[in-house]
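What follows is a pair of complexes built around chain A, which joins chain B in one and chain C in the other.
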Partner chain A sequence: MTDPLVIFDLLLALGIVALAIASLSVRDRFAMIVLFIVFGLFSALAWVRLSAPDVALAEAAIGTGVTGALLLKTLHHLRFVESRTAITEAACAPVPLGVLLANAAFCGLITLGLAVAFLGAPSAGPGFDALVAEAMPASGVDHPVTGVLLNFRAYDTLMEVVVLLAAVIAVWQIERGLSDAPAPAMGEVWQGFARLVLPAIVVIGTYLLWVGAEAPGGAFQGGAVLAAVGLLLLLTRAYVPRPEHRGIARGAFVLGTGTFALVALMVAGGGRVAFEYPLDHAKTLILLIEGMVTISIAVTLAALFHGREPVALPKGGRDDT
Partner chain B sequence: MTPDLIYGLTGMAVFGIGLVGALCAQDRLRRVLALKLCSVGAAFVLVVGAWREPPGAPDPVPHALVITGIVVMVSATAVALALIRRLQTLEAEDDA
Partner chain C sequence: MLEIVAASLIAAGTIFFVAGTVGLLRFPDIFCRLHALTKADGLGLALIALGVAILAATPGAVFRIAIIWFFVAVASATCSHLIARYARQSGARGQHD
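The block that comes next holds the complex of A and B.
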């Protein structure tokens, strides 16, 4: 008797593979992005089946939600530029069929080799679960993933926040002086929707951050949900970035990295290894870092969506593009 | 048939599809999306590696690695998309 969940797993796996193929082969680029978003949500569902709710939340919020918004924004910009000039999508010469087939054959061989390695790998070898379970009482939190992210492997997480900071610096530099596509006009329904949904998103994001200490959730998932507030505010034009807000934005970008590094340095100054939080204050310190990192992530993701650094226009008009 | 086998092979397939897309696609936006598919495929394999038979709790270390990977990937995607926007604007200016 087969487990009905195995049938569900098989159908979901088939759906994921089909969506991946469909999103890369569909001609229309808008359909491609929508199919990719559905693909990401299906993957998140698969990770819930593999008992990884934290990863599923992060993928749904950041990997699919924010990435999808970034892709749609870029598509809007590309279509705007294409509409003004004669440039079309397929401006470059098509790749010869032989090259395509050779590439596909090599990719197939690589994938086949990986699959053979995966099937031949020893199953259920000893992982880090025993070590983590043993050290959990010293971490200051009850949820293993949060413990690993903010305590045992805090260097990784610090570097991750630095990568996010580097990305926003790079985007501001790349887009310097770039004229933006006009934002599409949003209807009245949209404004009402935003008014209803914004408070709920703020509560959900803060809840995800708070609950991360003992259950799935945490700074990254909460930050991404709060970034959705920024996206909605930007789209409904309830908030219009102005040049004089740049200082505040820069402060928010470095807030997470700064707090994180400062705590590590202060802990190290007390005669301990960096990130070896004193047990009595571990939870407070972790929550402090997580809170600041959440603010940074939310502002940074919203800034990545907005793209261009807000600058004063030379003609003296409103800078609200 | 256990979930780890099913989803492990799914991850492999998604990685392979992304690889083909990244090498063969013409459109820049599609290439970035294909690379994102590759990263999801790799994440699948890591999550599968962390999975244990139901009574056992999964290994949290690969989970933390995948969450880190997702955030790094969105940063890389944002920079790549900014480069695409810039590149296309420059091409349009050259044409005009």
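The block that comes next holds the complex of A and C.
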């Protein structure tokens, strides 16, 4: 007798594939984004079914929430630009066949690589569970995922933080100037909603960061939830980025990477391998890194949502938004 | 006994979700659809949350379920309001996008 949950899993898997196809084939850009967001929520559910609540939280917060907000913001921006320059959706040239084929080839190669990796992996082996469980006392935290991310494989996590930093640097290089797009007027109900949930988001984001030491949660999930505070503040126009705030923002962008690298260098300077934290201070160091990385992630994601370096350009400069 | 109560609450909540989805698919315009969806889902979610809370082991879990219910209810009500507001304003300008 099979587990009744197998039926649920099959439906879930079918739903994910169907949503992926739908979001790629639908013509309306708004529908495309909405389908992508639903796709992300289903993926988060799939991660829960795979007993990976950490990944599920990250998928829900970053892959669905923040990415969805970024896509919707981009759509708003595109519509504003189109209304000014009279470029309509229909006037855009169709994608050349060569580009389509190249994309299909790349996607096929990635799928093939994943298949090879999946089929080549030891199928019935114990995996790294036993190794990680054995080494957990040396990690300074109680949650295996946090132990792996911040201690055993800290170098990978450092690179992830660097990727985010590189993204915001690129965005600030490309888009500059104070926003002159009209603020979306969303009414009093929305303002009240923002006032109500803002403090709750701060508590939940900090809780996710703190609980990461012993349960699912951590810097990326907490940072993404805290970034929602930035999104709410930007959308309600309670906070408008000013040129003189750029110094603070730059500091916040590099805070996580800087702290992470500094701790690694200091540990390495003490006659150890980088990221081989001294056991007495492991928990403190991990919490310090996670806290700083959380601030960086939150500020960086909010800055990516704003999507421009707030600098006062001289009149008659670049006339875009 | 508690399991039976919880299961019937969750089942009742699911019926409301199904009814809301039928309304979303069958009703003619956006306002009717929103009406069906928000009413049904609000009650459906409350019933499911109540059923799950009965099964929850610790007071902390019950508290968390209550908080989740509250924020999801407030967020979905606000979203529906925003959708309806946008539909009314863009409809008044004769735009459908």
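Just so we're on the same page, the second predicted complex is superposed on the first by the 270 of 321 C-alpha atoms of A that agree within 3 Å, B and C clash if a C-alpha of one lies under 4 Å from a C-alpha of the other, contacts with A are read in each partner's own complex, and residues count from 1 in each chain.
Quick note on the criterion: a residue touches a chain if its C-beta (ideal position, glycine included) is under 8 Å from a C-beta of that chain, and two chains touch if they have at least 3 such contacts.
None of the values given here were measured: they were computed from a predicted structure.
Engineer: Once both complexes are superposed via chain A, do chain B and chain C end up clashing or fitting?
Structural biologist: Overlaying the two structures gives chain B and chain C room side by side.
Engineer: Taking the superposition as given, does A:Ser51 touch the first partner, chain B, the second, chain C, both, or neither?
Structural biologist: The first partner, chain B, only.
Engineer: Tell me the contact category for A:Pro144 with respect to chain B and chain C: first, second, both or neither.
Structural biologist: Touch status of A:Pro144: first partner only.
Engineer: Determine, for the superposed model, which of the two partners chain B and chain C contacts more residues of chain A.
Structural biologist: B
Engineer: Between chain B and chain C, whom does A:Ala104 touch in the aligned arrangement: first, second, both, or neither?
Structural biologist: Touch status of A:Ala104: first partner only.
Engineer: Please indicate which partner A:Leu11 is in contact with in the superposed arrangement: first for chain B, second for chain C, both, or neither.
Structural biologist: In the superposed model, A:Leu11 contacts neither chain B nor chain C.
Engineer: Name the contact category of A:Leu196: first (chain B only), second (chain C only), both, or neither.
Structural biologist: second
Engineer: After the superposition, what is the least C-alpha distance between chain B and chain C in whole angstrom?
Structural biologist: After superposing on chain A, chain B and chain C come no closer than 17 Å at C-alpha.
Engineer: List the residues of chain A that touch chain B in one complex and chain C in the other.
Structural biologist: The overlap between the chain B and chain C interfaces on chain A is empty, containing no residue.
Engineer: Would you pull the chain A residues touching chain C in the complex into a rising list?
Structural biologist: Touch list, chain A to chain C: 30, 79, 186-187, 189-190, 193, 196-197, 200.
Engineer: With touch defined as at the start, can you tell me which chain B residues reach chain A in the complex?
Structural biologist: So the residues of chain B touching chain A come out as 1, 3-4, 6-10, 12-21, 23-27, 29-30, 32-34, 36-37, 40, 43-45, 47-54, 56-68, 70-79, 81-86, 88-89, 91-92, 95-96.
Engineer: Taking the complex as given, what residues does chain A use to touch chain B?
Structural biologist: Within the complex, chain A touches chain B at residues 2, 5-6, 9-10, 13, 16-17, 20-21, 23-24, 29, 32-33, 36, 39-40, 43, 46-47, 49-52, 54-55, 58-59, 62-63, 66-67, 70-71, 73-75, 77-78, 81-82, 84-87, 89-92, 94-95, 100, 103-104, 106-108, 110-111, 114-115, 118, 123-124, 127-129, 132-133, 144-145, 147-149, 152-153, 156-157, 160, 163-164, 166-168, 170-171, 174-175, 178-179, 220, 297, 301, 304, 307.
Engineer: Which positions of chain C touch chain A when the two form their complex?
Structural biologist: Per the touch definition, chain C meets chain A at residues 67, 71, 74-75, 78, 81-82, 85, 97.
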